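Right, one structure below, let's go through it.
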Amino acid sequence: MIARLKTDCSIRERAEIVTLIEKAGLRVRIDRGGGSEWIGAFGSDAPRNELLDTLRTLPAVLEIARDASPYPLASRDYFPQSTRVRVGEVEIGEGTPPTLIAGPCAVESRAQMRAAARTVAENGGHLLRGGAFKPRTSPYSFQGLGEAGLELLAEAGREVGLPVVTEVVAPEDVELVASYADVLQIGARNMQNFRLLQAAGRATRPVILKRGHAATLDELMHAAEYVLDAGNPDVILCERGIRSFDPATRATLDLAAVPVLRELTHLPLLVDPSHAAGRRALVPPLARAALAVGADGLLVEVHPDPASALSDGPQALTPDDWKALVASLPALVGGSGAG
Amino acid sequence: MIARLKTDCSIRERAEIVTLIEKAGLRVRIDRGGGSEWIGAFGSDAPRNELLDTLRTLPAVLEIARDASPYPLASRDYFPQSTRVRVGEVEIGEGTPPTLIAGPCAVESRAQMRAAARTVAENGGHLLRGGAFKPRTSPYSFQGLGEAGLELLAEAGREVGLPVVTEVVAPEDVELVASYADVLQIGARNMQNFRLLQAAGRATRPVILKRGHAATLDELMHAAEYVLDAGNPDVILCERGIRSFDPATRATLDLAAVPVLRELTHLPLLVDPSHAAGRRALVPPLARAALAVGADGLLVEVHPDPASALSDGPQALTPDDWKALVASLPALVGGSGAG
Amino acid sequence: MIARLKTDCSIRERAEIVTLIEKAGLRVRIDRGGGSEWIGAFGSDAPRNELLDTLRTLPAVLEIARDASPYPLASRDYFPQSTRVRVGEVEIGEGTPPTLIAGPCAVESRAQMRAAARTVAENGGHLLRGGAFKPRTSPYSFQGLGEAGLELLAEAGREVGLPVVTEVVAPEDVELVASYADVLQIGARNMQNFRLLQAAGRATRPVILKRGHAATLDELMHAAEYVLDAGNPDVILCERGIRSFDPATRATLDLAAVPVLRELTHLPLLVDPSHAAGRRALVPPLARAALAVGADGLLVEVHPDPASALSDGPQALTPDDWKALVASLPALVGGSGAG
Amino acid sequence: MIARLKTDCSIRERAEIVTLIEKAGLRVRIDRGGGSEWIGAFGSDAPRNELLDTLRTLPAVLEIARDASPYPLASRDYFPQSTRVRVGEVEIGEGTPPTLIAGPCAVESRAQMRAAARTVAENGGHLLRGGAFKPRTSPYSFQGLGEAGLELLAEAGREVGLPVVTEVVAPEDVELVASYADVLQIGARNMQNFRLLQAAGRATRPVILKRGHAATLDELMHAAEYVLDAGNPDVILCERGIRSFDPATRATLDLAAVPVLRELTHLPLLVDPSHAAGRRALVPPLARAALAVGADGLLVEVHPDPASALSDGPQALTPDDWKALVASLPALVGGSGAG
């Protein structure tokens, strides 16, 4: 829900609206877009109609523009100020130094996670990633360690002092995963698993939402809107490559997605060069290009021993690759990005 | 799991194996492929290792070939005989007359479903379709009537004597949906929602599995394997159009999928011309082409009043369109199809 | 150029316009679309402005609508009556029995062409195809026999009494190829080789124009307009598969192209199932689907001995395959097609 | 043709081979790849067999490996040393500062070209581009000024002291275009116009070869081989976006093409961000990403007044955009690029 306020709205009037929305169990965001001031209510549906009716009676509310955009909460039209998502000490979003998220595709063992965590923490990484629930093409492939994997990931993160990111694949797992992870990831195959989006929208953890293999950017925006509309304002979008006709890479990394999305949305934008590349030699140049095109951070697969990885080994960086990549990145300390 | 039997396996030996598998809570399929006799166990995982160990000790079992193919249960390599899925009086699969499944995109009201059901039943339809849980790109679009929709669908089917098909979008809904529907449908967006595939694999209803927008046929086979491996032998595959660069149609109907899949799998093959076409004028020629290319049946959107439809109206056939289409189809009574 | 005539235009007035256009070296087509009578002038550019000025002074001409459609000459808007292209005894186009064009990918030898020609002629074929100039991905692949190949093709066609079709790959070859061939083919890779389109537009042979690997149907229509605008009214469009992400087939045959193009244009529509399939087993079902979807004919690769073919052997039908395919096709004698 | 030399080949033996090849009218390249020394002969076919027979008799020649790779002349396997193409004072290729090529899509007038040339020359540009022969989707669109355009381009280049690049669209134009232009460009639509590739291969001007809309990188390598094999060693490859399903950009810029091609070939690599972007706001970030991913240079559309451009106005940078872009590029003076 989006409401346009009258231009001379008083602080008291604004406070009244905020209170009404928060009492309805929703979260609030106020910003100025298109010459007007907008107040957005993020959250789920039950009491919404009643709230709308009340808001409509207030003199400070000029209109309720729920359908003014196909994705009003995600759109920059109403919220021109770029969102920064805070995870522990880290801020992710436009204008912050690039956020580096790294770790193995899958959590495999305590030793593996510890080694990975040290590599990431000691070489510029801000968040640690690792998958415990793995969506795999084949039912006979390694499906992840489940909750045991979550524990190992959280433990490794604690040891090195990094927040952790991990994928959630089903609505009924959201609570469990959120109890271990600092950030939830929704993978490409689940970008239009709307139940999962809604469940993640009710969680109190930021959500990294990856673009689907054949999803248009318009569809990605709509998917983000599901999470926002369900009440979670901390959505981070992630380009990770789309399907094309050329088998030269595992997926075609669509870096133009970053400036296109930057215009459309206030949400932070990451790039995952690893899944698109499919093999490690291509990851560093794509990572540098991602920052140059304006991404707010990277999601990179790093494994202490890629040759023994249970999934996606060929695209994982070795610890030495990771160090070299980080060393080659410009503007990691503060700064205004590559351009 | 697939076991290869010795060539002179006795009936008693075979019966012993079947009993062992069924006692483990799994379903059995026996067939002859590649000059050998194979016995497959479909079902979930818990007791499997113990069962494998027991089977390995039997002299009638030559080898356990779980990984002999990337999708042993779906593959025609081991089960060359085409599967026919029975739904009430209807048999779906190679060698049967084409199965016509029709109805509206979404269940909207009792009157709408009744009218649709009559049109379908009185004009050659074998199953009635209608969506109660709708996966929609936007959170603000009509999301279906939920359980109330399931009731209206089941009621309309009963009145005209047709089994009903409807989509299920989340694992936790499978039981509910299966209590109303004769056939579960898993939509394109959920083709790699592996939890949902597994939940549907534990259901006792046949499953229509639609190809994802950007899924290769290899991935579709793997997705089917998830359902089969979880215990449900009654999987029906459905081509419904893939993403391409040309906006001339909503999706590019890949009719070559039918003969390609026919070689790869024993499972029945449907085509949904409606979602690929995106507008009604293209549906009849594509439907005829689908049968000519060898599909075992069609899934077609028919609405009593497309102009008032809450979703996908432009591609729904009117009742008159449906009658004309059915009248134009060859070989509906028995026969061996176009080839 | 397209001129709209006044509704009560007399025969004398119409004859005067036709004479003016023909004197300018252009070809004429008159038809009624959108409630008006239109006269189109097909041909090249030199004297056109003068002609336009003259036509504008005639009271029978209401307007000159060169830009009324992006492709006025190809569009059905002005010329609703379907074009039938005559090649010898054969008529190609909507409402005629499907035209079967078959033969080897490349002309390789007199014996090969003779054998292929006999197979095609004795089993329902209407035109004989064979390539003498082959566009090949690699400079080191067999590039065709050139003029010697044209001679062998023409000779084989004469012996069995079939007109011949062959590809032309460069503007400077059009005259030479047209001196041997009854129909010119422009291949997928050259669909936007505009100089070649223009050269073919000045030829007096019908042109089969194949859709490019990544061409939208809109672009195919524009490409046809190049040929028509250059003076050649006998253009036949051919769907042959587009690029997609799935390697299961060589190209994705987009059969919806047939009904989509049928609405857009009056030109005849062929389908080439061989290049899309990439292997012979898929060709017959795709060929049957192509006729069922409404194509006016087929372009099929047939080789007397595919195993020894110098190009595209895996997708060529054997003589026995071809006989079986033709026997399986419905409605070859007259009739109104599959729907 | 590629010949492997014995390891202790003397200078005299090498000189003899070079002389033999050059006498046959071919160009020579010697390099060491895979532990062997290779000598390549670039050029057209007539006397080749005789030459091969002679070379085979020489003791210094260990083998003639024409088919050792699908594209031996373009491949880095035999020629590991990166090629640098010299155009006037400029060197294009790995290890040189990025080459900036800019100018309008089409040459429109003397005033326009002069203004564009000044903008480019005074703000970091190394070569001036402008199209005189324009391949356009529609026959009714502006097709370029032809030879008059070539004259204006050459004149503008002379005035500001920049070499000029322009597109050639037909084999019969190569000589004419090469008489005005310093570098020939072959556009995306003509990447597999093999006659044109061969004609450009016989020219004495470097050739920029753009990747086709639906061309795999493997096909691009083969296309380059056509030019190299015809005798022209100075081929520069250019990524310019491929077709995908997402209309958010005009084409999907595949920046991974740069590191993939870098492994495959010794040829210089450019990126054209303008055609992929389709609108000017996306060009600067994509240009920066192209250099970050390792491209040897950029091809950018710049127009003194984009609003009045006869083609591709929306994607042309204004002079001010161009200045700002150049100012934002790192490492333009010497340096070893971003990685």
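Note that the chains are named A, B, C and D in the order they appear, and that numbering of residues resets to 1 at the start of each chain.
One rule holds in what follows: a residue touches a chain if its C-beta (ideal position, glycine included) is under 8 Å from a C-beta of that chain, and two chains touch if they have at least 3 such contacts.
Keep in mind that what you see is a predicted model, and the values were worked out from it rather than measured.
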Check A-C against A-D and say which one is joined by more contacting C-beta pairs.
A-D
Farthest chain from chain D by C-alpha centroid distance is chain B
Chain centre separation (chain A, chain C; CA means) in Å:
51
Where the centres are mean C-alpha positions, what is the separation of chain A from chain D, in Å?
39
In chain C, the residues touching two or more other chains are 214, 242-245, 247
Can you list the chain C residues touching chain A in their complex?
214, 243-245, 247
For the complex, which residues does chain B have touching chain C?
214, 216-218, 242-249, 252-260, 263, 276-277, 281-282, 284-286, 288-294, 328, 330, 338-339
Given the complex, residues on chain B that touch chain A span 66-67, 70-71, 135-140, 169-172, 189-190, 192-195, 198, 212-214, 219, 222, 225-226, 229-230, 242-243
